[in-house]
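These notes open a run of structures that come right after.
Two complexes follow with chain A in common, the first pairing it with chain B and the second with chain C.
Showing the complex of A and B:
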């Protein structure tokens, strides 16, 4: 394939260039040039990050088979080239030279390009979703879930804002934030449920993607504080002033713009998942091994984000937010809007997953969950399916994190703790694996229980309850609530129809050990 | 306090020199009386004279002079040591013999005054005098004092001291001190170069600070010093690397201890036990309880507390392990992901149970005397605690190897691992073997807890900090292979310690994690992968 060759050659050239640059940097400290071009260490970091993204882009491009894939990859590469041009014009070419752009111009350009990409992605996504949904079987449960979520999205804000506090149906402010938080957890659970329930990938590091999304939006919110911080520094967030930093690190640039931040909310977890999954799935790291290295991944990120010099606020994380899109983040209307946004995001996420799992793509996922080798022998590129669903799931977790942070008002490295990721897994297990409603229900129930327990005198007993949940669910409720209800429902129907009972048997005892649906047609 | 101290020194020295000949005593008395005869230059000269006489009987008088307790009795200009007993009343003692001379009023005696030059002279004199002491420890301390100051005026004294020195250790220090003094003196270059070589041979940080300034001097002495300095720095770098290896081995032994039980449950049985860290924690708490009981009931047993705690920890953690296997894990064989979740839940429960019972704070676990302190081996500082933990880790490993290879239980265990059905057909009670194997793994984790309680905080979170590292060790070394675990633990330990100086502790750890993640990509089955069909099963 020509695309592959071009990609490889380009990648190699860039690698060589970077190596030469790095060597020069090590030898001379800076890269002097007759024209006054000077590349310092910060530039090198930036170019390094850029090169990684470029390599990822080329990898995507070289592995894209379909026309749509090629188009997406092409757009991706165009973006990377744009970023490269911006670095060149802004940092490498000195002021006064032709083609130099000052920072404000670049910022504006990035803002509008991100906005355009977002709009394009939204249109393409909606179109794709529409196309998928057209042929997909949503089922009555699917419509019910979406209807309930939309109803909640409208009803809770209305009841919160437009009823008197004494009204029996009034929803107090704290409940809006609380339930908004549950909705974002549900979206995280959905992303875990998608890969675990339908693809057999047990990620113990999904909290990392959630937290990365949260950090991306947190950076935007930090930049919105402007000069209203404790140190009243218009250029730097408080913690950087505190640490005596002189200027904004390059990875904090452009986060003033909402479109860019939103893009990063999905792109950062997505790219990380892509890079990680690319390596992991290609070398066929499966099952428990994958779980453990995902846990190591989030653990490594936890350690990294705890460091002050990593540039994300260290131990304290990002907090003390003021505005989002110009609206006061504490105001009830903003909170209600965020709640509605979370509910709608969850509904869209649900529809997306629904469409995916009921398409042919979803069938392949289930096939490789139950019999990975067999699927591979049938000619499917198993690792590509896994990678695709892993990246989508990571981006979804990132969105969940981005909706979570403005509602709780803080993001700190604690969100990377492996325990959080495992808790997300138990939500899915409680709700029901191999279903899409299950994670939503599970996340809501478990978190409601957590709230009830941890706010009262029972707080010391919550770990017992949570730990007990893990044990009880795996031992006695392997299908979770939804799966069990389904099983009972099916049994009753079958008894009524006097049909011979079907024997349940795992098609292939191959590791992932997901109990198959008793009746695949009736799954949800 | 001062009185007690000087009285002690006086007592010590008089005990040592009690049999000194009377003739020497009279000489000394004249020298000491000279101290009271004039101004500061005269005192200095007197001190020099005392130094040259080299009689350690002068030590109490000079010490008293340094502390301002040396007075001149105005009636007969004899120099005495006087201590103020009550206001204006002084108890007098003889400056040479230490005999009591009765009391005197303030007016009868006059204090010998000091300035900083005199104080310095007193210090040097004391250092030199004690070089001749009969007590080797005193001589060693004195030689080290001279080594630090490097006063060239003490060369003759050192020469005398070296001539009569018998103790090899003291002699070495004295020679070094002499070399330092020579380097700082105005002796001929050849002698200096010889001395530099001697210092370089001795090595160490002191040598660097002595030779550093000299290396800048032009001429052969400076060159010799720079050459010596380069040599020393090279040796030091080697020693530093050696020390790093030692630290790495120490960390590796901790990792090995934490991971070796996991190598049994995960590696041999294929059971993911996320509660493994909690078994370690329980072992540490067992140590705590044992020590508490010993503290209140039988304090004399304290040095044996670890020896008592090790089998107890094995039993406690092992019993809990068997209970976990019988109660939960046996229902989940063949479903590794579910096992992972259930045991994770279990770890939460165990942690919270310990937190509720013992409280969330760190518990104090003491080190027995043989675990504390350290010794020097060449340029290495080796702490006894760390050394014993390495020994213990290797002993546990060896014991486990013997158990697996040379006992009938080990044979059955391996049989069940390799072919459960066939083993069962041969009459092995496979469920029993499962339970015992799991108990063994947990028990070893408990023993690891005893060792870790000596170097880490004993808190309910103790186990959590080791669980990810332990899994990394087992996965890195190769699942199902105990040798792999050994190699993996020490490799990771040493790698971690070598990355730390360059990247810092946290970043080093991150780097190691990333490296392992990359390594698993290359060799998904670890360093020492099992080969054959059983692998894919």
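Showing the complex of A and C:
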């Protein structure tokens, strides 16, 4: 029954697309002289992108079964309709006619609508996190990790800004940026660890979502430069002036608004992951085949972003940033704030993942990781679970990228390189697959080692060190650092518990005193 | 015919399945009535497991009709929707979730919404806790609730899987070789357990162990080369010359 609804909706979408195409052709072909309507190639691109987003929105709507899902999908469609109205009022209806809107007005409207959507999303996100945490078994280790991260978020900026450089506890400026970068890598590793460790999806293309989030915030930072660029062009970023472009491409519109850019940080990776996952998981592509196509995805994006006419600065990427939210991006206070924001984002991400994996949802993820078809026979729609967790993970990676770019001051297509995604997987493997602290620790340790090895005489040998590290971990620490510590801890507990009879300790059904290391991947 | 169809729990008619030219099911027809417990026996390669695959949606038949409750066409549905109709399956090789605790295995199988949103935000209610404890007692694993399933013995895994099956509150249970690899005492206990279950549910048991089938004391269907060879009480089919020929050879 639901199949016929989906079919009907898709049919309707195709019809709508044909009608839009026909209307555009009619307007483009016959009307320009009479009414002043001019639809150029850029408009056609814009309408095309809009139509694709509409199809995605309708697909989401048709597959949403619960009330909450329907509401979210309804909001999504309302946004698409709003975008369509803006295109119509701004580009199709000529100036002077009724319902025409100036571009400035549209920009203002988009700014406020994105601010409203962002606020709504923040409230919904907090409510969801509250709902997740309510009655969840986070455990003291989980709260300890959150507490440490929050302590870091406060202590490092304070020690950087309010202690004298000679003070023994002073944190120098370079260290704030460096460790801030590690924190964003840790968030990326966490997003990989969530899907790989708990759901068995080995994504070798997660760097793509990280880079897309980075590009989204990079576009905002580019627009903040304004007329202070080398060519002093108030309307166009330097690289577009250099390429002799006359006007801003439509996909660069509205990026001067921070709320819009922030939404795109999560929405672009999220939508890409949704579309990609929708096809991959429904067709039951699993294991190494899935890894290969995620790798292909990031490689394809790498090639696209390298091209100058793709509109994102080609080989050089986006750089030379000046301000973020009106603050100088180089200032120590801004750097410290970005560091704190990264630590807090990591803490929230960790708490969210921890609550997710300790819920029944997380148990289903582990079940489908270990025995996918068995989970299906229990009635779980495995592909929906994979899709949900993949989209969440991609949005997390996007946020990580968005925090990374202002701290390193540049984003270029190199971030899409498959090596980066593979490195993120190595961080998780080193730290401990199937744990959530593991990826954080792994990302920090490996990147610290990378910093040490790539500055100095050892620089050329870093790839060998990294490869060697991976081999050593695989051979001697197959559970990673955290997994090995856990194993030793559990063994010690077992030995200590060997004296009292086992049955007695299990009498309470599901107590915390667990004999032979129950749930190694759910414990932390 | 229609009237008769609507009174069946499971109705297979002229089902054919072939893998690379090998005919696993050959014009198989089978009718299971509500509340019935049926034992299905047959030599290796008779199509017993393939029949279960067809009913649970793992394998799509090349031709033929498969109806549940007289009206629901199972050939057009996937595994998850068939499972949510109330058809539960126990596999030949016990496939419990090894890294989950015994209790979590039951929790995952427990009847309830299977949507991601429901599992993400739902919390276990008192009624569910009671039901879980009750199931753990039925399958005699209440003392091992927090053990990882991987530490259970083979027989205990079989019971855990039966418990998971019961937790789904199915209308129809497909049980594939429940006694395989069990000790004699465990086998006898499993027969008692199944008979207990069959009082309220329709059960299909596939089994090799004749003593076990005799313990169950129900109607038997003999499969051979993908179709029904003989049907009736165990004594009746054991006396059937065709069955003797297949089992003992010419």
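Things worth noting here:
Convention: the second predicted complex is superposed on the first by the 464 of 524 C-alpha atoms of A that agree within 3 Å, B and C clash if a C-alpha of one lies under 4 Å from a C-alpha of the other, contacts with A are read in each partner's own complex, and residues count from 1 in each chain.
Throughout what follows, contacts are C-beta pairs under 8 Å (C-beta built on N, C-alpha and C of every residue); 3 or more make two chains touch, one makes a residue touch a chain.
Note that this is a predicted model, so its numbers are computed, not measured.
In the superposition on chain A, A:306 makes contact with chain B only, not with chain C. Of the two partner chains placed by the overlay, only chain B lies in contact with A:429; chain C stays clear of it. Contact with chain B, but none with chain C, is seen for A:466 once the two complexes are overlaid on the shared chain.
Legend: residue contacts after superposition of the two complexes on their common chain; A:243 is shown touching neither chain B nor chain C. Look at A:155: by the touch rule set out above, it reaches neither chain B nor chain C. In the superposition on chain A, A:283 contacts chain B only, with no contact to chain C. In the overlay built on the shared chain, the residue A:291 is in contact with chain B alone; chain C does not reach it. When both complexes are aligned on chain A by C-alpha atoms, chain A residues 509, 511 touch chain B in the first and chain C in the second.
Residues of chain A that touch chain C in their complex: 65-66, 68-69, 128, 131-132, 134-135, 356, 359-361, 363-364, 366-367, 370-371, 373-382, 384-385, 388, 503, 506-507, 509-511, 514-521. By the touch criterion given at the top, residues 56, 58, 78-81, 83-84, 89, 91, 95, 97-101, 103-104, 107-109, 114-124, 133, 136, 142-148, 151, 164, 168 of chain C touch chain A in their complex. Chain B makes touch with chain A in their complex at residues 272, 328, 331-332, 334-342, 344-349, 351-353, 355-356, 468, 471-472, 475, 506-507, 509-510, 513-514, 516-518, 520-522, 524.
The touching residues of chain A, when paired with chain B in their complex, are 202, 276, 279-280, 282-285, 287-289, 291-293, 295-297, 299-300, 303-304, 306-307, 418, 422, 425-426, 429, 460-461, 463-464, 466-471, 473-475, 478, 509, 511-513.
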